[in-house]
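Both of the next two complexes hold chain A, though its partner changes from chain B to chain C.
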Partner chain A sequence: MVRGSRLWSWLFVALVLFYLYAPILVIVVFSFTTSPRLSLPIEGLTLDWYGRAFADPLIPMALKNSAILATISAVGGGIAGAAFAFGLVMLRNGRLRASLLSISMLPAIVPLLVIGIALAVFFSTIALPQGLIGAAIGHVLVSLPFVILTMNARLESFDFSILEAARDLGATRFQAFRDITLPLIRPSVVGAALLAAALSLDEFVVTWFNIGSQQTVPTLVWGLMRRGIDPSINAIATLLLALLVCLVVASNLLNRRKS
Partner chain B sequence: MTTQAVQVVGLSKRFGAMTALEQIDFEIADGEFVSLLGASGCGKSTLLRIISGFERPSAGRVVIYGEDLTDRLPERRPTNLVFQRGALFPHMSVRENVGYGLRLRGWQRTRINARVDEMLALVRLEELGDRDPTQLSGGQAQRVALARALAAEPRVLLLDEPLSALDLKLRQQMQLELRAIQKRLGATFVFVTHDQTEALVMSDRIAIMNAGRIEQYGTPRDIYRRPGSIFVSDFVGATNLFRGHVTQVSEAGTTLQTDIGSVALDRTEPGLQTGQRIALSVRPEAIRIARGAGSPGGRQVAATIAEIVYQGSSIRLRAVVADGPSIWVECRDDEAEGIAPGDAVNLTWADSAATLLRES
Partner chain C sequence: MPLLPAGLFYALFFGVPMLSLLVISLWRAQGFNLIPDFTFANYQKIIVSDLYRGVLLRTVSVGLIAAAIVVPVAFTLAYIMRFVFERRGQLILQLVMLSLFSGYLVRIYAWRTILGKQGLLNSALQWLGLIEEPLEFLIYSQVSVVITLVGLLLPLAVLPLYSAMLNVPRDHLEAARDLGASPFHLLRTVLIPMVMPGVRTAFAFAFLLAAGDYVTPTLVGGTQSVMIGNIIADQFRGTGTNWPLGAAMAFIVVGVTLLLYLAITQLIRWVTKW
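Moving on, here comes the complex of A and B:
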């Protein structure tokens, strides 16, 4: 009986995993097949779709824009989020600290649609033309809560008495930051920045409302799909997937490393 | 006149509505080992943090070797602090930890290395220089913290309960080691602790702190033998407190009416008045125990043994006075041979062993 119920549990786990990953698997597999339609059996394997994807002049441009936005998110979100989280854990007032943390999490809960529209309206009020700048501001905004959350988790275990120890031994505030704080939190900051880059790379809604005539990879793919499914979209999605997996795995590894 | 290493003048510290320190005045001489002893929340750590520069006093001055340093930043004070849990830099080796302060001073590498070797030898950790702090035991980590703080030759070394996280055996060993190091260097140490035994064992002088004030400042023997207040006599060591009032004061002595009956003392103290509320403090080990009812009156107290606690090297007996309080007696095992609960006994003590304390 026990054996049977365990079998059922495993079957259920397998089912959930299949549900989670089957669509992704399909895209990856069909980005390498010769048939232009998603059909079985697979006739042959090819890298043609990847070549086709890069032949389209729009795609390298969208990739460039995505890379720019991801970099701005990583640097801007990483630095601002880390500084904010650092200030947060130094607060002595526990209730204030908890409420500030909750408030900073709010953008992660507010629907992206609301954020996207609000930003678009705001930018038009201050007469900022739609484009990369507005999109970049949106991306940093969207990634900040996640950066703050990961940094906060890491800093909760940070022993602040070692900063006092450094001061006591003759270090100025700056020297203590340079010699002690920075080397200890750098892996976490970089990890959080990679997470911000990953969030930026597949951000669609806020981008769509603010980027104007420019394209990022997600908005471009969306545009291409309105003309019909082309296997070169599978190729782009697979590349994006590989990049995102790398970023998230690197981010996790850096955050898990003990300091 | 001896040089004063630390002078604290009229120091007060308030955190919002809470007063952590109230009008503290005291001095520490050059080369002295002084303990600040008190329960948690008495202000001892705050006082240490003010001397080290991490807290600013609300009022008063801190003078170190004649120089007023009240407004000086911690990194520019000639003091170093040993933190409660070591506070070693986790990303630096033991050697780098010890040499950090010297590196900040711009010392040459060879000079730093020599000094680090010297410090590691002082704390007997020559072998562990290349370890990471995470690979050290609690006692080793505290030794490294001590070496790091001493490396820069502070004029005053401040220690914030550095032994409190260690187990008893190691703590006792480290107490003696710390004391030996302090003697060898001739340095001034200010040691914060809540452990009275630790303070008694290590210090030249002890400042007993209570509710933001210094209750008494004196040598361990002074504090133990002549506590200045009921709080001190109760806080340092175990004691029996007999409360009551003065019934008679004369040239010949003083008579008291206490909760163990009438007690005569062969001395009087200045300012003592009839009717004044007092407490008489007698240490358990100062009380002699004799079997039998004995003669009534005099300076004997008749009591009945209620409880015997075996402690190995000594035993503690709880004796109960008729209609009165319990009296704790501590003696060697063989001194109480054959005494059992329920026995009637006589308790006596020398007048000089009884301390007269005024109720505030």
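Moving on, here comes the complex of A and C:
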């Protein structure tokens, strides 16, 4: 069953990858073509759309806000999520550990729309005006499950006996953490933080309900999309894509090095 | 101790907002004012209305169709990565996961340009002479919504299935095969029961996120494929807002999808274990 089906397996994998990457390919290719209409055959190549994209007066604000939110998600979500995952693997009660892990996954299962409106309603009842603070809280919330999940997978292979050895040799709890645990898990924490930054850069729904009149790169792209077909969307999207790919590849490499 | 920061954050910014949304779903709206109350009138209004019921039904069926495509494809892909390609499977997994982080809005928008009336697919088919007129059902329809959702959710479903299969020793499958199990029998009695938690998580991701997605029906769906997310969003943004009604809709969607999810996973367990 396995040997005879190698060719079919390749074919299946190739088809699925094509399905997943066709939309991305389309965006990248059409960010360089002269014809503003997205159709074949391609007439010529240009970099004009990139120039047009940067001429958009909202772009500096969107870039700045996206960078702020990504940094907050990386630092806040990365540290809190890593600490939570660390606390989970240290729990002795297996049932409690499993249920806490499931609960921490809830924001990934509840529709983003529901999270977005729940936060918007909550912020309005505590009279917090819409803006970056609310959006930042939303970003940390939606990135936490993914940070916890990846950190949890990494930490399950963490050897806790070396910590006990350090304690036996007279290290304080803090020393053991600073000199042994932290250097060992740092690459994974940085990897998880980069993942949180990537999720934040790409977040749209929760942002849209909470950011008010401010813009991020995704809300800007949304505004352009609603207005109709504008090829500078392809240019902005390609740049965003390049940034996301860098973050995710870096995150993977950091996580890999540890194991 | 290390559990505290994230735990508090969850309680304050997930637990409390969800609870306050639940409370508001029991209130009344009068114009722009919210009137505290304890009434199920909003829920009743949604369930009684033909319009809302229809939209809810469509939302659930789109979610189920997307999940019915995503889970088997993800299962096959995970099986191939784990048992056919083994080591190289990791690389394929990385590629699949990378597509997940390549712009959520952008991928939905890209499907619109692929499936549009004068989009890539139609112009390619016309150029090849396979069709004379553009295929109109490809865009602003449930077809385009499902095609787009499958692409968005497939990577999320592959991950839990692949990690579940990593725990299945190859010998188990070979032993069953040597004892004369047919491929179908093997699948039903050995592999599926062993990866059941992964199947459940994959199904949860695919179904719940497809039913709850709001951007896809807005960008590639037409007037005939409005999903409940569009109507909920309208209650919170734009004119004619009604927070209590929108909150009630949100909980009906979450409730209905969760119940269906539990019912279906129970059914799968039943079928695979007699």
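We adopt the following convention: the second predicted complex is superposed on the first by the 244 of 259 C-alpha atoms of A that agree within 3 Å, B and C clash if a C-alpha of one lies under 4 Å from a C-alpha of the other, contacts with A are read in each partner's own complex, and residues count from 1 in each chain.
Note that a contact is a pair of C-beta atoms (placed from the backbone, for glycine too) under 8 Å apart; a residue touches a chain by one contact, two chains touch by 3 or more.
None of these values were measured; they are calculated from a predicted model.
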Inset, instruction - With everything superposed onto chain A, say whether chain B and chain C fit together or clash. - result: fit
Legend entry - Touched partner set for A:D159, first chain B, second chain C, both or neither: first
Inset, instruction - Could you tell me if A:A127 is touching chain B, chain C, both of them or neither one (first, second, both, neither)? - result: neither
Inset, instruction - Based on the superposed arrangement, let me know which partner A:D168 touches: chain B (first), chain C (second), both, or neither? - result: first
Inset, instruction - Examine A:S5 and indicate which partner it touches, taking first as chain B and second as chain C; both and neither are also allowed. - result: second
Inset, instruction - Scan A:I180 for contacts with chain B and chain C and give back first, second, both or neither. - result: first
Inset, instruction - Please work out whether A:I117 is in contact with chain B alone, chain C alone, both, or neither, and reply first, second, both or neither. - result: second
Inset, instruction - Mind working out whether A:S104 is in touch with chain B, chain C, both or neither, as first, second, both or neither? - result: second
Inset, instruction - Have a look and say if chain B or chain C is in touch with more residues of chain A. - result: C
Inset, instruction - Report the closest approach of chain B and chain C over their C-alpha atoms in the superposed model, as a whole number of Å. - result: 19
Inset, instruction - Write out the stretch or stretches of chain A touching chain C in their complex. - result: 1-2, 5-6, 9, 12-13, 16-17, 19-24, 26-27, 30, 37-40, 79-81, 83-84, 86-88, 90, 100, 103-104, 106-107, 109-115, 117-122, 125, 137, 140-141, 144, 148, 198-199, 202, 204-205, 209, 218, 221-222, 225, 229, 233, 237, 240-241, 244-245, 247-249, 252
Legend entry - Contact footprint of chain A on chain C as seen in their complex: 1-3, 5-7, 9-10, 13-14, 16-18, 20-21, 24, 73, 76-77, 80-81, 83-85, 92, 94-99, 101-107, 109-111, 113-114, 116, 118-120, 123-124, 127, 150-151, 154-155, 177, 183, 204-205, 208-209, 211-215, 219, 229, 232-233, 236-237, 243, 246-247, 250, 253-254
Inset, instruction - Can you check the complex and tell me which residues of chain A touch chain B? - result: 159, 161-162, 164-172, 175, 179-180, 183-184, 259
Legend entry - Complex interface listing, chain B residues touching chain A: 52, 54, 73-76, 79-81, 83-85, 87-91, 100-101, 104-105, 145, 148-149, 152
